[in-house]
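Presented below are the structures under discussion, each in the form of structure tokens.
Each of the two complexes below includes subunit A, the first together with subunit B, the second together with subunit C.
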Partner chain A sequence: MDNPTTHGLEEELRACKQKIQNLLRENEQLEMEMQQMKDPKNSLSSNLIPNECERSMSGEVNSENRYSRLMALQKMGVVSDYTRIIQCSVVIIGIGGIGIVAAEMLSRCGIGELILIDHDSVELANMNRMFYRPEHSGMTKVEAAKQSLTIINSDVKVSGFNLDVTNLDNYDIILSLIQSDTPSRQRLVLCCVDNFSARMSINQLCLEARVPWLESGLSENAVSGHIQFIVPGVTACFACAPPLVVATGLEASLKKEGVCVASLPTTSAIIAGLLVQNALKYILRFGKCTEVLAYNSIQDFFSSYCLKPNPKCSFKLCLQRQEEVIKNSENCMSNNIFLPQQDESIQLEEVSKDNEWNIEVVEEVADEMRENETEVCELKDLTNEELNELLKIS
Partner chain B sequence: MDNPTTHGLEEELRACKQKIQNLLRENEQLEMEMQQMKDPKNSLSSNLIPNECERSMSGEVNSENRYSRLMALQKMGVVSDYTRIIQCSVVIIGIGGIGIVAAEMLSRCGIGELILIDHDSVELANMNRMFYRPEHSGMTKVEAAKQSLTIINSDVKVSGFNLDVTNLDNYDIILSLIQSDTPSRQRLVLCCVDNFSARMSINQLCLEARVPWLESGLSENAVSGHIQFIVPGVTACFACAPPLVVATGLEASLKKEGVCVASLPTTSAIIAGLLVQNALKYILRFGKCTEVLAYNSIQDFFSSYCLKPNPKCSFKLCLQRQEEVIKNSENCMSNNIFLPQQDESIQLEEVSKDNEWNIEVVEEVADEMRENETEVCELKDLTNEELNELLKIS
Partner chain C sequence: MATSTSKVWDKQLVGSAPVMTINASPRDEKWPARLKEEYTSLIQYISKNKENGNDWFKIESDKEGKKWIGKCWHTQNYTKYEFSFEFSIPSAYPNSAPEILIPELEGKTAKMYKGGKICLTDHFYPLWARNTPKYGISHLLIFGLSPWIAVEIPDLLEKGLISK
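And then the complex of A and B:
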């Protein structure tokens, strides 16, 4: 078995098998694209989300209405217009432990369109995280996701692309998927990949497309995670200051035979939840979007902070976006966090208005609250429209 | 139509239909119980978790091993023995937005046994939260959950009971489900109900059974939630100090025709994640279990604190448990948080050991970290065995 000729052949065979698999995937991808080209409704260059005009959401309270408890957010004054979600397209890159949970959440919320990008297949070893089931084993993740998400909510247009974001050949097609060609359609990217180079590619793509994105990640020992909200030119880009977890270099050291990173359904779902919660705050304009939020499960410790754009960032496009933003926004920007319309946000105090038992938040908690508030900087009075304006100027 | 006789008849008919439905459920429940009695392996009074002896978890890294990424927690030193999870039974009361996600997480983690209790049915209006699918509509929640969870991981023994925890007639059967009759089998209760009286019933049940439990809840406007770890006699019980969200009285004021509470898949999954993460820390003895952890999504604000048992608690059983604990533990208890074996927990510093980029946690974050540490009290040197000992003494 250790004969060098046998060893060489085995290796060649393995490479061939890998190539066949890649070709099969490419084929599948081509077929999918062709299908979309044939059907004008599904065309990549189409300006309309199918059924966008026909779709509606009723606030009626009955057991058959899947949107009643979401429209209740509007009745309760949390959001001013929940149906805004129908006009939004979210691109999710990476539909593993975090991305697929994010996709399910957005589907259940009735998002207008979901565009899923991944080049991996489902295996039994993925069953320790949410969503995929044993019967999906062997299917591509985009195929399995599309199938299940359509069952969960057929109102949502879901398209899947079997593409590797780190492959330069795919740059243009992914860029076209990220770029919105209708100003009325809001587009957001969720980055749910598991490696540094994929994050760097997405950083470049979103800088080029001037599209806001939310990055997410988990530590290799499964007990920590983070999310980061990145608005090109407004906040630090991913290259300005990558998060600690990614920067530790653990990533590379763990790619050894017989060793795999740990993962937990809990940590991935918590991070997916925080990610989509911030996406919803951005899309539906309520509350305050956090720039960086880190979670450590060992002590249930959460920290949030801002990252200013680095004036010496290694990404030229970042410097360009920073300049554009400074030029066009000196009057409405005081710091580097995007805050949706202030008047629509709920204050903590309001939640406890009907406090008939007179239970009070104790002083030390209140202190911490105030501390948190000063820690997170705000960009007041900047609406989504103004932000889009800022980002569109070239 | 408004004729008083017609109205009376309609009401009677509605009551009859309701009764039929209740009877059908009772029937179903009885059949389930009978089935369990016939099969000695499944008997409620059986001391053995079926397949407990045969079940094993391999740490081998291959695409077919569903436990490889969980056993990696052991390889990486996060937990000392992941297979301990096989010996554990978790009772989940309420399998709506939070409970069903908790059940899926524990199934995927390979928990020994899941006992689900709920008396509700699935409807399309539940589709805005995770797990249930349109094809489950009309099924009881326990039936739908059992069916899907068995597909997800057939290693886990799942049993479902269509019971209302607030109905006094069910007290004894639920008590027997909660009580563990084998000392080697660890038992934990997760409370995922949506009303105050159900929480009070569970409080009474767990005090009587001397079983630790984790309570959880969401605010009616869907943007906040909390978890609370309750160890009878050691921490505050639910009646000692109910959380603010429940205490506001919003609950009752919202039960009007045409009005429903709001809910989001994000907030429920985040709370379910935090709940199960703390359950895992307790079962697998790593990290620090938080007593009360509250989340407000509007500002991504998290607070954690301790609640000491109330020496004037209105629940007699709580006072009795407090006395027992004081009597038997003066030497090993300094405060009211349960901390699993200290030597198995990971410190935040360890995560960043390989920090080749020399990125540091900035001072204000470190300060907050220290603050958090002093805020959460610790019960050092108390192992699970010692805790069980404490709770078993009558």
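And then the complex of A and C:
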């Protein structure tokens, strides 16, 4: 058996290296900020560290104004105040096929701030999707994204963190990234990851931070996808409806053999478009947000429905948030963004009925538990350390 | 993989382990209690396997029960093949299952992700999701690691990719 302390040290070292990397990045940013303070006329550094307080958007129609077409939304009465977008920070977790396209769209829209989290590097195998270029190969996705997005729109403050969202050691860092530092700053999380575990971690983080988030995903065969708007306590959380996990598009995370899932630039971009459209509706307060929207390209079929929070959700924080929402339903955030229609709601029990899994073990296991009760009593008096020692020699 | 797994992997052979009653992640104050249930379940499961002559793994954790390492083995043609595995408890545990790594087999099988994470069958995640928070580490090993070993190791042996 490997020495557990060596193993632990290796892990610690890895975490430490990660922290150093992040600190270096922070250091780099702070240095640039300092430079900017000393020399505010230095256009290069002020471009890199834009200050949203100084940022403005003009509605003037001329070919030099990058926001004229966006400000036209205001003139046409679609949105009441487009500049609200400057006050918004969007955290994108996972910048692969969907996430990076969403990041580009939000950059072009002049979003206040983008915080990108991913722990992958760019590979040539990613070139069938949008944005990344062959010369980015080998770079971390966050580095490549930061570089290109800054060129596309230098008004947007972009920061990148090379972190694995499922890793417990990164939990506090990521929590601080998604939690709003200033109350005036609106915050939204976009989940663009490709696996179940990461979605569950994001669910936990957003429940804890009380931050609304949009989940997105593609089917393994690349022909369908979905988005889901989750507001802690108001809508179903990602774990409230486990059947949904299987029914609409989580196939992408339930990877099968061969490791390689299919992907298309089209489906990824369509889902990214739907995702950002709903993000914009939320940020700019127009239209009605969709709770769940599923797209099937084979039949060109869109389905949309609502999912109510599950009072028996396995996430304890979800139950807490549900209670909070009931308690102060009048000042509850964004309760009205969906205006859900009762008849569109799908009851959880109904969904679970058409879900047939092949493995049935629950009851059997429960019996086993009873059988073992006597033995449990003996182990009950031991401490965890003693139990771990016992386990080692078992 | 799903179909081939059901052919080779026999659940009866692997047995079952006591379930958990406490829903807590390592960030919860109730984690020590949950951890106690995890240890208890594993100890009981292992002792039962030994009784039935079907001992197939060893495991231990770090102090806080966040990182786990172990060895599992597969016997074929009177030869015992042993592999080290490891995993960490993810932040959304027990709602999401840990991802098991067998680093020494990285690059030898397609049913593995970067870094040596094994690809679990498509039955595993729905099963876990449906049984959370009752399922724990014993169940991860029973329904995640054991079917993978049962299918992949004979295949790797046949291809001559692993030797004694």
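We adopt the following convention: the second predicted complex is superposed on the first by the 261 of 394 C-alpha atoms of A that agree within 3 Å, B and C clash if a C-alpha of one lies under 4 Å from a C-alpha of the other, contacts with A are read in each partner's own complex, and residues count from 1 in each chain.
Just so it is clear, a contact is a pair of C-beta atoms (placed from the backbone, for glycine too) under 8 Å apart; a residue touches a chain by one contact, two chains touch by 3 or more.
All figures in this text were calculated on a predicted structure; none of them were measured in a lab.
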item: Subunit B versus subunit C as contact partner of A:T166, first or second or both or neither; value: second
item: Subunit B versus subunit C as contact partner of A:A209, first or second or both or neither; value: neither
item: Contacts of A:L149 with subunit B and subunit C, given as first, second, both or neither; value: neither
item: Partner chain in contact with A:S197 - subunit B first, subunit C second, else both or neither; value: second
item: Touched partner set for A:A262, first subunit B, second subunit C, both or neither; value: first
item: First, second, both or neither for A:S219, with subunit B first and subunit C second; value: first
item: Which of subunit B and subunit C A:L284 touches, first, second, both or neither; value: neither
item: Residues of subunit A touched, compared between subunit B and subunit C (which is higher); value: B
item: Residues on subunit A lying within both footprints (that of subunit B and that of subunit C); value: 245, 250, 253, 258-259, 355, 357, 359, 361-362, 364-365, 368-369, 372, 375-376
item: Residue numbers on subunit A that touch subunit C, as the complex places them; value: 1-2, 4, 7-8, 11, 165-168, 170-171, 196-197, 199-201, 203-205, 239, 242, 245-246, 250, 253-259, 314-316, 355, 357-359, 361-362, 364-366, 368-369, 372, 375-376, 379-380, 384-385, 387-388, 390-392, 394
item: Contact footprint of subunit A on subunit B as seen in their complex; value: 61-70, 72-73, 75-76, 78, 101, 104-105, 108-109, 123-125, 127-130, 133-135, 151-153, 219-224, 241, 244-245, 247-250, 253, 258-267, 269-270, 272-274, 276-278, 280-281, 286-288, 290, 293, 296-305, 345-348, 351-357, 359, 361-362, 364-365, 368-369, 371-373, 375-376
item: In the complex with subunit A, residue positions of subunit C that touch it; value: 1-2, 6, 11, 16-19, 23, 25-28, 32, 35-36, 39-40, 42-44, 46-47, 58-63, 65-67, 69-71, 84, 86, 88-92, 94-97, 99, 110-113, 119, 121-123, 125-127, 129-134, 139, 143
